[in-house]
Every structure is written in structure tokens, then in C-alpha cells.
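One chain, subunit A, appears in both complexes that follow, with subunit B as partner in the first and subunit C in the second.
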Partner chain A sequence: MNRRRFIKMSTATALTIAASTMDGLPGGAGLFRKARAETAVGKATGSMGAKETTSVCEMCFWRCPIVAKVTDGRLTKIEGNPKSPVNGTRVCARGNSGVQLLYDPDRIKYPMKRVGARGEGKWAKISWDEALGEIAHNMETVKKKYGPHALAYFDHGASAENLREIFMATGTENYTSEPAFFQCVGPAALAYLETLGYIATGTRQYNDMAHAKAILLVGSHIGENVHVSHVREFIEGLSQGAKLVVVDPRLSMAAGKATIHLPIRPGTDNALLLAWINYVIQNNLYNKAFVANTCEGFDRLKEEVKGYSLEWAAKICDLKPDGMKAAIELLAKASPNVNIHPGRHATWYGKGDVGRHQLYAILSALFGAVGVPGGLYFPTSVKVGHVECVEQKSKQVAPIEKSLKDIYPYSAMFGTPTADVIKAMVTGKPYPIKLLGVNGVNIMQTIPDPYETMKAIKNLDFIFCEEIMAGETAIWSDIILPEAVYLERYDGVYAYEGLTPYITVRQPVLPPMYEAKSPYWIAANLAKRLKVEGFPYKDDKAYVDDQLAAADLSIDKLNREGGLVTLKGNPYREGKDLKIGTDSGKIKLAVEAFADEDLDAIPKFEPTPAPPKGYTRLIYGRSPVHTFTRTMNNLWLNHEVPENFLWLNDTVAGKLGIKNDETVRLENQDGKRSTPIKVLVTPGIRPDAVYMAHGFGSQSPLLTRAYGKGAADGFLMTNTIADPFMGATSKRTNFVKIVKGDTVLDIPEIVPLPEEIPRAGRQVQAG
Partner chain B sequence: MKQYAMIIDLNRCVGCHACAVACRAEWDIPTKEGYRRNWVRSLGPATTSKGVSFTSYPGLCNHCDHPACVPVCPADQIDKTFTEAKTSKTVTMKVAATWKDPFDGTVQIDKSRCLGCGACAQACPYGARYVNTDIANKDLGGEGIADKCTFCQPRVEAGLPPACVQTCISDARIFGRLDDPQIAGYIKNGALRLQSANVKIGPNVYYAGAPKDLELLATTSTPQKMPQEANLRRTFLAGMMKPVMQRIKGAGLV
Partner chain C sequence: MADPHPFYFLSSAFTYPEYREPRPPVAVLLSLAHDLGLTGLPLETHESFALQQLQAEYVRLFVNAPGGVPSPPYASVYIQGKGILKQQGYEQAMAFYGRAGLEPAETSECEDHIGHELAFIGHLLDHGQFELLDEFVAGHVMAWSPHFFQRLKTADPAYFYLILGQVAELCINHLIQKEGLR
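Now for the complex of A and B:
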């Protein structure tokens, strides 16, 4: 271990409402309103003439600026904020459906206490006083009995910051353990940080598709994966004539628009990327001036990749050399205005995930596509104050002998690996973890393996969650706290550092319904019981105003400006303005620091085991209509897309006698079965993989609309390979058979496997 | 008449359903099965003669040149005067409870006079209408009220784009008069109308896109037959009812 850095991954999103005025919020305490039955026909004038409040969406974490429209005290519609340079008047299906999150009759309405066994789903309504008292008591008891590190916190999103500070104040090292990192962007963020010196892809992504002459997507399925500004930039680029290369085992919506689609054998992306890099170097397609002036490690790169030919890769990847060659030529021709998309969700195969993203970054560098239009660009720093509610000196991590941050060389700068926290709960090693707080994340469907998670939860002395909807994680909790919806609260300042930067704020459109409370209120009141000092602001508005003051703004001033101010961006940097943030000031085509940790400085191709005989690989992605497992109960979204489909190759389906729309189940390599799912028979997926959209198949009966509809990929993930850099966990290393009626069907092998690729054993041991 | 029309550019569309949800929000459409003014159907991935296509069918009322839904309406005809906002020109014509606007070409419904008989919904080869049976003009003996896309007439008159157009995240929907240069350009470049040998009623929603996507759209989503028999039966029944209703109404006035 030679490097320890603390990186603040998320932008300042803390929310403050001073405890003393908590109940002074309009309708804050005990307000109870019934969700209204749907009207038969709306007003003849639609949403026109409604009272408008600008705010920020939280139906996904992309956080588009919005305008919420209220008529007769009821939120009727959400539109994009016309002042926003990224989405204008537009919001996606989910953004539109925030209305139905607010009025979801299944919302958690008051604090609840478990009365049955964990996971049984039996609850009693309790008071806030009792709920917070129980949590404080258990936090103190567990800390006293096992030490501070026995407390852990899994979190995601804007609501998580305040409670995190409480956990930090206990002295635990487990105050941030984000599936959004360890099950998602972790390997990508690290690869870009080490190669380019900044996180070109993390919470935000700084890739300029709108001005690209060519775009490469590897597995990214923009369009099905909807972040409005990205979809807009992608479509804008294509409409301006950008060529598009999509590498994906599946014909995604993006692949359907591609100039060249390369339906690659799953798990072989690095072979293709290495061969492409070699081809670019050998054929002098790289930007020599840029490489000479801005990069280091070129000779080593050239040497290490020289064995990877297109012909070799064609065999590994099951692609045609001609197509591979045409694709890389097309990308090279667009240099430097070429967008090697950094992907987003990176935890695919465990080994090679950091490497894959290193290879994207290397390709960008070889093309000189850094700091130029169409390539990767630099964020523009937006100055807003970062305000913390608990002073830093009260948030010191307690001394620790065996840290969960020491298992992998690069965990420490991001948090404790989720999988290792769960392992510690199950085994008590390296130390026992006995209390878990969960905020804004459904760990049961997000962290593989959920059966291990259930085992871990059973071992806990106490688990509580702060949530809006009761997914699987909530039903395993001892106490559930009802959180206010984003439309019911102030929530900090949102500073966008993209092409056209802006500052906006989230503010309440309506007072909280039921007994829901804002994340700040919850944290502040828990802090009081735990005697944690902090939360100095008069109210939440004062807190937000203090952050805005650094930008010479206030909420009132912003509201007079339409809720948003745009700033001047500085995304492109060339010549002496181009400053690379690595320690050497150069883009690292070889990351020597990795070698210091016995990891590859330049990725080598290491094959991911192929499915065992009779199995096919389970891959997954997004529905444009849903966010994670968060929106499947939403009235409007559920109505549009109530269930997912299993994409099954038409040749395979023919051999198995499975017809379109037929209902099947899946059984994985460890005998775990899915809920029923309908089949989409299609030529749009390879024979050696099946695909489903994530975010369905809820096993929480408290989500009455979503319960059991479609299948959940997460419940089929019992085999994980740990990423050797940071302990992120793989999600594409599970294999399934199809169950039709009571018959388990072997999947025929249509594409022969080259000998270089080993086959996974049937019972695959967890990594 | 300057007909309103819509282009849906499948090259830009990503199938995200924002249009469908924004419409539901704007007009407060219940979520019962089949209750919707517009829709998005996922198509494919499927083989076409021009490659494998994965696209969408974002559908809505076509505000046809010769709407099949209008003549089948059994409601009493009344004189209705239409005024063109720009010129103040007026036209008076006899209309039942649904008509084609003489100035903007949109097909509209008078909700207060609809009997909910469903004849119009059944007459439409595109399935663009539904009957909301949770409400009715009880005084007319109505059984429900028909509903469909209005091209957001109230919004358009107020100078706003239709809700689906406003929210479209990729600007795939273009709304305007047929002679709008952008719309005319798309049509000149071969934008497709969902018409077949037996269904030629002049739809005013046009689809642009890659040849493979248009082929998949056309083969899966073009109506092949006018739904004649069904609507004739409904019209007949509704026609039978009408005099009875009038008599009852008359009796109430005595």
C-alpha cells in the first residue's frame, strides 16, 4: 500500500433544517392527507395556469432542473426548467412521474417497527420519538459492546449526507459504503483518475458527444439508459453526422442507430481494445504530437500490446476482423474529435474492469481526444460553499487494527467495500459489524449476493433504514423511517460542472405528506439523542443560502432568476492550458503505481470464464422508464412498463421450443430461481447470453403494484469476483438455464468456444 | 385550411416514454387499461430486409384528412361556428360530438355532448380513441366519454407546444402546420404515413427514420383493414337509443 488519498466522490448535497424550526415547516408535523383517487377527466386547460416552483429532480441521480406545477394544492405536473441549459423544458418519463412518487399510496407514511421475524414484513406504527430513541439506543449499545467499527452505513443519493455525518461522528470507518461505487462506477472512476488525473466518469461524466465526429460505446446503452442531457448530447452528435460504433452482445437501442455494431462475445472487450490500440500504434493512427507532449509510457504501451492482433482478437471476441478494422479506422479518422465513451456501470467481470476503462482512457489519449470538442472534456469548477453539519474534529475515524479499507489497495480513497462489510457481518472477521443503517439504496437488489446479505442481516443486532418506498431492504429492517420526497424538502445546492455550468437549488413544492420528515430533520434529531453537536443553521433555507453566498447568490435571488443561473464553461483546454492532474503532470499510458501494488500497469488480456455447459450468461441493463429498483411501483411508470422481458436469441429459442411472450423462469448455477418472466425472442442478442432490464421482480409485498412483476437480475447473482483494485464486485459472472414449466432446459451452445477461454465450473466459488 | 401535423423522427427517438407520461400528466388521464391519448410500443429487435431493427412506435391520433371517427358519431348535429384566431375568419358547420376543425385540421371532441357509445373508438383503424366509462353525460343517457389526443389544442392556442413535444428528451417530435419548412422538409424526404391499401384516410402523423426502422414500423403497426363492421353495429345501436334519450330529455322539460 503506497497511496492513500481521500476523494470526495459526491458533490456537496447536505441538507440542513435547523432542529428548532423543524415543526415550523408548513404542514411539517403529523399532516395526513389521503392520496387522491384519480379523476376521470382533467381540466380542459391541462396544467396551464398552475403555480410553478423551480426545483431539482431526484427520480434518478442525474438531477435535471425542473418546474413543479401545483393546482389547488395538488402537484399535477413536472416539466423541465426552461432556464436549464441541459434539459430546457424536457424531463424523461421518470421525471414526469415524480408526481406519482409523491402520491404513491404505498409510500412509507410513518415510522414503523418490526413485530415479526426479520424479512417477514410485519410492522407496527410507532412515533418518531420512539423510532429515533430506539436507533440511538442501539447505536450506543452496539458501539459500547463491539466498538465503533461495528456500525456500518450503506447509502446512495442526495438524502444520505446528513445521516452519514452521524455515522462519522461515531468513529466508525464504515461511514460510506456505496453500491453506487462498489457495484457501479468504482473501477471506471479509478482508471480515469490514475490515467488522466481526474474522474472523467463518476457521478458526472465529462464526455462531449454532441460535438464528436465519431462515438464509441462499449456496452453503454444510452437511450435505454436515460440521463436526459446525455441522451440529448448523443442524439445531437448523431444528427450532426457523428459515426457510431457500438460494441455490445445485444442490439441495444444505441446499437440500432450504429454505423457499425460489433456483437462481441461477453467478457472479451479487453481483447478487442488491446488489439485496437495495437492497430492504432502500428498503423500510425495516433496523434503523435499529443502523445509526445502530454503522455508518458508510450514505448512501454507499444511493447506490451504488440502481440494483440486483430485476427487474434477476432477469434476471442467472435467478431469479423473486417468489421473490427473498419470500426477502428472510422474512429481514428474522426481524431481528435472522437468520443471514446467512458461507460458508466463498470463492475462487470471483477478482473479486468479497471483495465477496460484504462484502455478506453488510453484510446482517448492516443487520439488526442482529451480537452477537445467531441472528446473527454474538463469540468468547470463552480464555486459554492461546502457546509458540513458536524465539525470535522468530531468525525475522526477511531484507531483500527485490521481495516476493511486495507484488503484492497484502492478502497481507502472511496470507502469500505460493500462485499467485505457484508462478509464481516456474516463471519465477524476482521471484526464484527453488528449495526447497519441504510439510506436511499435497496441493497438486496443492488449488492450481489442477496442471500448472503440476508444471512448477514440475520446476524445483526440492529438494522434500520430511511426510505420513501419499502423495497426488499426495508422489509428486512427493524425500524423504517419515512423520508420526505425530494419535492417536499430543501436539499442543498446543485452545481453542474459540465459544458454549460449552472447553479440551482432543490426546494419544497409542497409540505411533507403523512409523517415523512426531511433527511436533515431526521439526522438533526438523531444527533440530539446521541449528543452529537452540530447543525448550526437557523433553518434549512439559511443553510442553502450559506452555500449560495460563496457564489454571491441566495435562494430568493435564484428564484428571481427562474431558479437557475448559468455560468461560463471552460471545458476545452489545449496547449499550455492543458494541465494533467496526475502526479507527473502527464497522461499515464502505463500506470506504474498499479505495478507497485502487483497489479498490471498496462492491462493484459485475461479471459473471463465462459458459461458452463448447458448455461448461458446473464447480462442486464436499464429500462428507460425505471431507475434502479426505485420506480417500479410508480403508478405511471408501472403502467407504461410493468415488467421486464428476457431477451433470448431466436436460434436458441427455436431449439428449445420457446415462443415469444411465453413465461419462463431462470435458474442460476447455484440453483437459485427467478420469478416468472416473459420471453422476447429476438435476433438482437447473441446465443451465449440472455438479457433483462434491471429494476423489476420486487419481492417486497409492501410494493403492491410491483410485487412479483417480472424478474430481478439481482436475485440470480450469487457468484461474484472481487475487483483486485478496490474490492468492487462483478455482476456479469452468473449463468442461467431456462425453466419451462417444471423442466430445466439446457442452453445449446451455438457458438464454439476457443480454447483460450476457460469455462466456469458449475458450482462457482465466490471470489 | 392549414393542417396541423406531427413528425416523429425515429432516428432521434430512444423509446423513453416521456411523451406518453407527460400527456397523461397534462390531461390527467387515468391509468386504466387502454386509457391513453398516446403510446409507445417497443418494436424488435427484429429482422427486416434492411438489417435488424430495434425501434419504437410512438403513436397518437393522426388527425386524418378523412377521419373515420367523425361521420360515425351518432350525437345530434348542431351548428358550430369556428373562428380562426389569426384572421378572425369564421366558418359555421354542422357537427356531431366530434369533428375535424376547418382551420387547423385537428379532430376534436365535444366532451359535454359525447354519448360514450364508442362508435368513434371502434371506427378508428389506429386505435387512437378510448372511451372513459367512469364518467358520462348522464343527462344525455351517456355511457361514457370518448377521449383522444387533441394535438394539445388548448396549449397550442396559448402558444405552447403539445405536452409530448415539449417533454421529448431528444426532440424527436416536431409539431406544426404541414407547410412549416421543417415538417415539409421531412415529408419531402420520404417521411412515412401508416397507410395501407385498405386504410387510406390521410393520417397527419409522419414517421422519419432509417429504412430498417421504418420497415419494421410499417410492417408491425400499419392497419390493414378499416374496422367497419364493428362500428356500424355500434352506430346502429347508438342511433336507436338517441330518439329515446331525446324523448326523456323532452319529458324532463315539461
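Now for the complex of A and C:
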């Protein structure tokens, strides 16, 4: 071997190397040092002999307690925390894939600034100092120039709270416009709050499927929408013999297990529910003692629903009266241990969404299925301290002449409606919004009408995000902050108030990779630059410990207990223990406060316009291995379900000459086209609707390894109807045709439309 | 003894460009390319060496890009087709460093980064640890770097990174062919 022959470096090269190393080049020999201890890497394989740390999953918002196994400084496996009464050692496919999220080469690694046009996705790496300085400077400049309300914050998830406090300290009224509320659960939360006095469905759902004798699901597709304990309770209920009624235009996974499946015409659920309520009253199927002792407004309810017969509803809903009758009798027979599932994603049709959930709550009350096994139950209050990092007195909303919270009577209690914030960004009315902070929200796919969102962003002076993956939000941001993955950080305390209450904490399994930082660190350091007083803790751990102190716990104490302590539950209540949290102390079968706002105290049937001629309604749902739009890029989950399919009724497909697996596009009522999507031809969906799982197929050619795989429902949602209670925006008010090759195909109408249901115009106006 | 400096230089060039003045590293790279007989190089433009261009391109190629990083510079991503960080490729690299009595100094990077591995080759040459060098290059570096260089090439990189990829690949190949490594 003649090693001398290796690369005969010229004198020029040698000289320039010498010059360049003097020029502050990083890297090179300085990357290593003498080992201080014997390197242990490579001795163990898999999770054998791993160090175990308990924590909390955040691959979806359900937050299952977990144990993370770390071998030689590397996360090797995630399992459920065996001490957890809700999931035990189980996690779902996404929970397992936390390993992949942590180690995704596409995670945001450093603070970055935009160096191309907005939406181009061209970035340079910058320091934390520069990134936070830039954000603080822009927040101050925009506030000075346009006033505090020109600042807005779109937030979601556990990591959003710390930064929200900073926005609150600026005096803006737009410190929370959570799409997860205004584009999802809002109408349901309000309906239960006003009817039963507590939010029976939100991030948590207090419905006891495991002990139910019968379960009603309206459009809820448990099993396709996976939350471990939720699915377990559902399966437990069914395995114990619970009967199941599913109302769904589609043979969903849950409908496939149903005793009775009612494939309802989309948009007519309230007709069915009103007719059922009337039937229950007329046939004395309601729980008289419960209604007399616990409810108010029964006589008014009886009067208002008396016109809604099963026969009438059968025509509206395109169902058979016998099936409807059998279903309600089956549910009534199980009373009071009947589970009228409260649903979660409620923003379907705009008008009538609060009403639909009000009707579920009324049905639960009529059956006496509140505070009993199998019905809705009450959360057990778990004592943990609520810690605010910025004092309340520093978080006052600045005076405002025309508030975005005044447009709808019920938005103020929850935030500013996302759609109205976007409108203000586009029009400058009622006041300009010029700066947006985004945390944990895919702004293009979560908010309907992304075309309007793009317009809004282009009008901003500044937009920044705190993110984990370089997705659509990052592409549009001026500054991008790398947030630590949930496995690398502390978050608030998790107090589960369900059937089997417990306290647990999220804690870091490993230190943050690259230059990612925890939400607490980011907010605390931004606060310093903005001279916002607060964030008094020396670190994130002290912040969490302070919250645990109220429960006489600390992180160390909790860890000695296996990371989780269980508490005694108090879910079922009767007699004097049954206290209803409404102002009257009664369940409100009629909500008079709604009438005071010119809204219906008891929902009336108002038909949702049917598709225009030649169109069909677009409905959507979830994939069991994905969370919203967040996981499509996850290598493991992408491998399992890389794309979505368009469910198309077999008769319609036959008439259109479309075969199973054929690739088509969709065109909506406003001429917006989807990316290509493969068709699943099936008798398992009605002819007047098509279905796809949400979250796939971004239209941005720049985005994700999943680009070109399936279609995005959000990009077809350009017609939204505002819910009149809070300004939540509808998502099922969009209609599509199928595009085969270059030909746009009219969808044949197989089921005739009754005259009571109007047809939407082709160019549907926002209502 | 073979000169470790080209490898130290390449290691530096594969880290984020924060030079006060980008001309010297560009000059070294072109000089090295010339030494290695790299011909048919496309004509460079002044803009392609502007620091901001280099930084944006570095981020696109190796850190974050909207469509996914086209050429992640980590052994772990390629070895056994894992596609993610800190898997077998990472374990292997760390084990080799340990065998040389080294550990990576604290940086924010993953230690199986191409920059680390090139610097390690430099170190082994520097210290005459040829048996280990042989094992490291043949048993580890060659298991992933050709795939990495290929992905870099197809990512349509800006001039500096196009040349850098080619020069680094040639240097490793020279090491094998001319030095009689396996």
C-alpha cells in the first residue's frame, strides 16, 4: 500500500485550505474529542434493557399515558403506561409512530427565516436570538401602527397555551381563534353547556359506552376515528351485548357492526331526531320521573315537536318508517342505560349544528340517561393547580369599538371566530389584522376555503409559527420556530376527569434534538424581549411541579408511583347528588337564552339545501392511522395508509362508467378542482354523496412526501355557512362533480328530492 | 502518509455556511476539484456563491424543504432503508468513533452527519489508524454515502453543492482505490 499516493494536493489547494480554515470554518477536526467514558453504543438492541420514562402521547389530542423506552440515548419503543386505567399497555398505530416523528429527518431543526416569497418555502437558518428578536420587533411594530387587535393567534394542542398568554398580554382580543373549536367541536360544546350545564363533549367525552345497553351514533365513525380508550369502551359495550344504532349515509366501520343502520340523506339528521323525540313523548317512552325532577321546558318541547311524525321524517330523510321506529324503540328499551353519543366534530351544515347536538342532549335527558351507567356521566373534578405564567391583570383585552366577538352571540365565551379573523385580514374590516402567530395548526387544510386564507396571509405584515414539521404553515411563515416534540418536553399536568380519573404528566424522554425548544422556553424568552412580566419558573419542570403541588404531588413523587396516580371517580349521580350546572339547576329541554338572542329555544327543522343538479355532496371522515393532516408524512403511517379513496355509490359509478380503482378528480360548485384520487366503487354509500378521509392530498405542489397521493377535502370547501350561534363554519355544504380525464361528468340523481328540501344554487353564496 | 486536510475541509463544507467570506472555501473546493481531475464543470456564476444563496440552498438540501429534505445527510436514513434518524446507521457510526477513542463534541447535529463522518476519516488518516479506516469506509461509509451523493445529485443542487458532492464522492473513492482499502 502506498498511502502517499492519495490525492496529490496541489500547492494551490494546500494554500487555500490553510486560508479557509483561518476564516472561521466550522466543522472539521473540532467535531470530535477524546472519549471520556467507554462508548456504550451498539451493545444492546431493540428495547431490551431500556430505560423507561412515563409520559403522555400527543400523536393525537386524546393524550394516552405512555411509557417510552430509551436504549443508549435512543428512543426504541413506545407502549401504553400499564398503570393507566384507560389504555393500559396499548397505544394505537400513531402512538407507536411517535418514534418516527421524533426521528423524522424532515422535522424543523433550527429557527429559520423566510428568504423567498411567502408560500415558496425558501429558508435560511438563524439563531434563536435573531428569531425571537424579529418576532418581538414585529409584534411591537404592528401593535404600534394598527393597535393591539391587529395581532392574532391561531392555536391548537397542548403546546399552544404558553404563547397564548403572550398574545393575551398584548391586549388583542384575537388571542385564541382555535380552528379545533370554530371548525370542529364548537356547536356541540355550546349545545351541551346550555342544555346540561357542562360540556359533555370536547377534548374529552363523558359518555359511558362500556356500560350501555344501547348506543346511538349519528355520523360518528368510531374505529375509523381512533382514540384508544374510546374504541375500547365502544368494543366493551358491544361485547357486553349493547345494541347499536348508526345513522350515517355511509356504511362506516361502526355501521358495519350496527344492529340497525339508517343510511340517512345527508343534511336531514335534525328531522329524524325531532321525529324520534316526538315519538318518544307521544308513546310515553320517556323517563317521567327524571323529566319531572331534573328537566324544565318539557311542555314546550312536547308542543313544538308534535308536528314531526316518523312518516314525515321518513320522506325527508329517505329512510323507511319501520327502521326508524325499530331503532328508537330499541334505544328506549335500553333506557336509562342508553348512550346517545354526543359526537365531537359538529361543524357540518352551519345552521342546525347547535340544534343537532341540542337534540342529542334532549334525547339523553328524556331517557334519563344522564349521570347513569351507560349514559352521559359527570366529570370528576380532579384537583390540580391551574398555573398562569402571566398575571391576569396583565392580560386585559384593550378597549375596542367594533369587536369580532360581537358578530355572533356565543363566540365571545370561546374566542374570535377563525373565519371572521381571516375576513378581517382580507378586508381590513372591522379593523385590520396584520400579524399572525400560528401554533400547531395546518392553516391551509384545517380552515375551509384555503384560497381565502392564502389571500389573507399575503395581506399580513408578519406571520410566524411554532411548529414541529415543515408543513404548509411553515411554508407561509416569515419566521419558523422549531418546537420540541412531545417526547422532548414537559407540558401541563394531565388530569383525566373521566370514569376512572387519574393524574399524569408529560415529561421529556430525551433532551430536544437539534435546536428545538419547549413551548415554555419559547414563550418565556419571547416574553423577556417584549418586556412582558411573568414566566417566573426557573425551568419547565418547576412550572409543572407548581401545578402538581395542589394535588400534593411533584414530578418525582409521581414518577415513584409509575408516572400516574389514579383517583376515585364520581361519574354517576342521582337524588340530591345530581346537581345540574345550568343557571336554573335543571336540564333545559328548551334553552330560553337562545330565544333571547332570536335563536330557537328548541331546534326547528330547517332543511339544508341539497346539491345543485348534476352535483353530489362531499362528506368526509378520518383514517384510523392518521391525525388530521399531521401524520401523512410520517414514514410508518404513510406506509400503512398512503392515500385516501373516493367512495362512490356503485349505481352512480355504473351510470358514469367509472370502475373501481380508476383515478378521477373532483370539481366543486365554484370550479375548484382536486388532485387525482382513486375511486372505491361501493354500495356502502348513498348515491347522493361521495366520501373521502380528511387530511390527504395537499394541493400545494411543494408539500410532503405524500404529495399527489389522494385528494384534500379542504381544498374543495369554498362554500361555508356560518353557524348563527358562534360563527363556526360549515364543511358539508360543498358539492362536487367528477372529472374523468378532461370530461366533467354530471352526477345522475338516483334518489328523488322531496319538495321540502330546496336545492342549492350552483354558485352557492356564503350564508 | 495521506493528507487528512481535504477531509477536514469537506467536513466543514458540509456544515451550514456561515463564512464571513465565502470565497476561500469556494476556491479550495474548485482547487480540489481540479486536483481530482474533475472536468466538465458547469460555469459558476457570481450569485451562486452569494452567502445568502448558499445558506438557502444548504437548508433546502440538508435541513428542511417543503417537499421533504431531498438529500438528508445522515447515515441512519440510508442504512437498512430506515428513512429516519438515529437508527442502525447512527449506532454504527458511534461505535466506530468509540473504537477510535473518540466521542463527538457537543453540537446540535446528529453525529452520523456526513460532516462528522468525513472529519472522522480525516482523524483516522491523521493518526494512522488505517485498519479502522478500512473498516469504517468499507463497512459503513460505503453502505450509505453513494445513495446520499446520488440523492444530492438528483436534487438539482446549486453549483457549490453539486461540486461538493462530486468532490466528496471522488475523495472517498480515491481513498478506496488508491489506498488499497477494501
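The rule is simple: the second predicted complex is superposed on the first by the 714 of 767 C-alpha atoms of A that agree within 3 Å, B and C clash if a C-alpha of one lies under 4 Å from a C-alpha of the other, contacts with A are read in each partner's own complex, and residues count from 1 in each chain.
What we mean here is this: a contact is a pair of C-beta atoms (placed from the backbone, for glycine too) under 8 Å apart; a residue touches a chain by one contact, two chains touch by 3 or more.
These numbers come from a predicted model, not from an experiment.
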item	value
Partner chain in contact with A:362 - subunit B first, subunit C second, else both or neither	neither
Touching partner for A:91 - first (subunit B), second (subunit C), both, neither	first
First, second, both or neither for A:635, with subunit B first and subunit C second	both
Partner contacting more residues of subunit A (subunit B vs subunit C)	C
First, second, both or neither for A:79, with subunit B first and subunit C second	first
Contacts of A:256 with subunit B and subunit C, given as first, second, both or neither	first
Partner chain in contact with A:625 - subunit B first, subunit C second, else both or neither	first
Common ground on subunit A, meaning residues reached by subunit C in one complex and by subunit B in the other	38-39, 41-42, 99, 635
Residue ranges of subunit A in contact with subunit B within the complex	38-48, 76-80, 87, 89-93, 95-97, 99, 222-224, 226, 228, 231-232, 235, 238-239, 251-253, 255-257, 624-625, 635-637, 639-641, 682-685
Of all residues in subunit A, those that touch subunit C in their complex	1, 3-10, 12-14, 16-17, 19-21, 23-36, 38-39, 41-42, 72, 74-75, 99-100, 103-106, 108-110, 112, 115-116, 121-125, 470-471, 474-475, 513-515, 633, 635, 700, 702-705, 707
Complex contacts: residues of subunit C adjacent to subunit A	1-6, 8-9, 11-16, 18-21, 24-25, 27-28, 31-32, 34-36, 52, 55-56, 58-60, 63-69, 72, 74, 76-77, 83-87, 90-92, 94-95, 97-98, 101-105, 107-110, 115-116, 119-120, 122-123, 126, 130, 171, 174-175, 178-180
Complex interface listing, subunit B residues touching subunit A	11-12, 14-18, 20-22, 24-31, 40, 44-47, 52-55, 111, 132, 134-135, 145, 147, 152, 154-155, 158, 160, 163, 166-172, 210, 213
